[in-house]
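Below is one structure, written out as structure tokens; the observations come after it.
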């Protein structure tokens, strides 16, 4: 129906664009008459100028990294060129839905979070805000499926190169590190530096982040679990796993869920948090649709209620 | 030829037994006339009594965990039953070849190391001995292929269950933790507790361990690299990766190699070490053959010179 | 809501049972007040007696092979024991939905088709009925993912055993051969024997059947394509691929679709048909729900409209 | 040592070049003083001119398709351009080692066979020569791992695109069809046309070809098995599987073996042959080394004795 034409997807040939289409296709009950939404799935670095030229009445959800870093100086440092739309950057709202819902409702331009940062911030931000963990020794060891690297044809991403193996990459130098640090610093009210090591493994979708933290003095693993359970008690997409259950990417494949668990470390005074998402859904296109739902006043779960595809 | 019958493999139906056969089949140049070697690939907990009944002149290389923990009390705590051959335990030599070569030469009973402990101890032990890293905050995040779990038919190991996903397991409770701690404590001259989190991923062979350590005061990542390069300079199977190269399990698949690299962390004063092995070769059957070669005075690389099978 | 309790699933611990739940969970718009449906996902050979004991007013959809073969003598020959409910067998309707819709509407007991037979019969039956292909030389070479073998823990289905390899199995002896022959014989009005070779490959879901047929005298590949396009013109789940497009299991993963294409062979007078389904959906649980929809007068696509999950 | 420099590999960046290096590295016992061998692993279509410029005393083994088709007219038809070295073509020997050993011994230029043709011709040629199967209805359904497509970065070969799926490609139009037909026609003494359908599946290495043939009048499946057993009785690399054993690509991974089995079809008077090779070894680099061994008078198994890497 004609109302559907009011959604535009720029850059639909990649994985996140294709995933947007998969999610939006069955979305028939919504009345699009009064909206005009653009999803941008363009390569990093190319969106700033494209968006600057769009009509002002459009709502924009940008899935690239172009507007994620509030400080354009940090952007320039990590992305290797001056930010091309610093005024738009001021307007952009970082779209980690559960933690920014109020701002997203009123936003015109959403910077949709990166996949690794989504998996890390959803559990860590509430814990830091509640002063339950120290911020000087946070270690994030992430394992990602291959679609996180996009659909460009590169030798390292060929089946025969990625199959049956694993390697770390961009150790200490991945562009999602400053994005995670931005979110955690904001929560801490002070500058936070994290250790972040991503790994590439033979899996289509999914991120599992294993996070090692120091408990604040006198705090316990149960305090952490309690805080997270409370924070996300009413959230449809963010879930603390039942005690003893190990989060697996299988639990979230094809869904907009983030599932995590908190575990006692052998080293006294430390805890381990394991978090899983589908990088193409909660880590990209699903969260983008969730943000659209919030911006447009739709029920937040619209088009996002599918169950995990397993096996 | 008849001389070959002098090697016995107990428990040849599992993956490590099969791998022993793969490695030993082309081994034709060795004269077996004067040896009598038994490789034990039996399930954990069943080897102690079996070995106790073997004739005293046999050399034994046990690939199970039965004799790896020198302290039979620790064994009982982690394996759930009293050790059945405490006298034999006293005689057993922990067979991490590069670090125990002298003892292995004279040993009758070798406790072949576990796969995770091999990947962790080879880089960590020399660094701890040289006092280059602190021992109070060592985090080991390991990712393993499925053969580490053995060949028993369990639902969780079915293709459809393990494919296209990853999960952590036995967080803070894996039996390889005390084995790693035993080795590191010995190197430190003091009790060391580590954080060890294993993950199961869809890969046949391979372990990648990402280790997060605090540098000793005034020490640098280059000091660590230098120490490891020097320690293993003449070793055929243990290699420091050239600077900037990320170790990948692909580099070691089907080989007896352990490859690692040392990287700077974003958190000041910390370093990241990434280590890879083939869990069935250097992590099990290959190291067992290497130990046999040392025990029998053969060239240490005999039957172990294959190149990585990639892709 | 209470109305949902009116559906029962017997044997929900296996893959087809789990898939039924995945499909049925979001199914909220249907009024179940006046129905009572039982899905049977029990192991082959155990359903006959179970069903015989169920109350007569229940509608039953059996996903096992127990009622698929109309001739209980053929059943006994292939399944190794006398049929335990020959009277019920007479009542059972073979539930290949698109080709049996009229009978399914009035049925009480549906024998849900096997996965391989679904992939083969949907394209072959109309071609045979229309006398477009000869019936004396039909070769069906099928490739299946691992879930077709069920969830029982068997060594051959372990990840390490099935990964990175392929093998044929049950050559000339697979139990789906008589089921395919039953359908093709009915279409031909005469006994048809087929060559059917299944292969097991490292994939969770999906069947691809490559079928080699002799064209009837004077007939062309275009005649075949035209017949199939016409037969399935109004079907939501059965699609002839556009000319030149090779059907891939990726097109149907997680969906109730069957997609096929017809291709010219290098041997004159012969054609090749390639057909793909998701073995757990159209090949099992999806078709079962489709049959329920037909039996209960629901829109046939209810709960079955998901798009393929790719990648 | 300097003698090793006498082997040159042109085009070593692809999979077959890398595999040549893997195979040749441990090859230390051979005296290279009096040879000069060039392996060409260049892309199809680029080798003809390169080879024409090489010094005449060099022995050349070409792994591309450039010299496989004896008829340069057929070459032009399938490869889209006039052959650039028709005189060299006359000199080239098709290097299917077991069936051309006499010619290979005296050859200067070897056209190393394609992977699919190797898997098909090794069993079919002796059967056709012995008049045990008809030649008018030979169907070859082949399943290949991804390395057969080379190492060039193409979207279709990305992990996320190839994983967890299967598709047929180049139906009736693959360039290996005329190569197979050339070999079978020579064996038959008459023009043979085959049906050949390749499939791409998620596996690094391996080809499994399922072949459907009509038995010559009065011949049986046992006659076929007997013929193949006799033909290859003394061959180290070509094996008839024991009765009842289904050939699996796992049996040959990393080896120079071709293993096949012969099976009774349900259709009377027909048989099924299943053949497996590692496409990078017997289907490319291993057979190239085998040909070198024959050309140079080395023991034919030199550097090729490795056991299958499984799992």
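Think of it as A, B, C and D in the order they're written, each chain with its own count starting at 1.
In this text, a contact is a pair of C-beta atoms (placed from the backbone, for glycine too) under 8 Å apart; a residue touches a chain by one contact, two chains touch by 3 or more.
Predicted, not measured: the structure shown is a model, and the values here were computed from it.
Colleague: Return the chain whose centre of C-alpha atoms lies at maximal distance from the corresponding centre of chain A.
Modeller: In terms of C-alpha centroids, the chain at the greatest distance from chain A is D.
Colleague: Looking only at residue numbers at the chain A/chain B interface, is the share used by both copies over half or under half? Answer same or different.
Modeller: Over half shared, hence same.
Colleague: State, to the nearest whole Å, the distance from the C-alpha centre of chain A to the C-alpha centre of chain C.
Modeller: 39
Colleague: On a C-alpha centroid basis, what's the spacing between chain C and chain D, in Å?
Modeller: Spacing between the chain centres: roughly 37 Å.
Colleague: Taking the mean of the CA coordinates per chain, how far is chain A from chain D in Å?
Modeller: Taking the mean C-alpha position of each chain, the two centres sit 48 Å apart.
Colleague: Could you pull out the residues of chain B that touch at least 2 other chains?
Modeller: Answer for chain B, listing residues that touch two or more other chains: 15, 145, 147, 160-161, 163-164, 202, 204-205, 253, 311.
Colleague: Where on chain A is chain B touching in the complex?
Modeller: Checking each residue of chain A against chain B gives 136-137, 139, 141, 143, 145, 160-161, 163-169, 171-172, 177, 193-197, 199, 201-206, 208, 210, 212, 246-250, 253, 263-268, 270, 272, 274, 311.
Colleague: Residue numbers of chain B touching chain D in their complex, please.
Modeller: For chain B paired with chain D, touching residues are 15, 18, 21-22, 25-26, 147, 163-164, 204-205, 253-254, 305-311.
Colleague: Enumerate the contact residues on chain D facing chain A in the complex.
Modeller: 15, 145-147, 151, 153-155, 157-164, 202, 204
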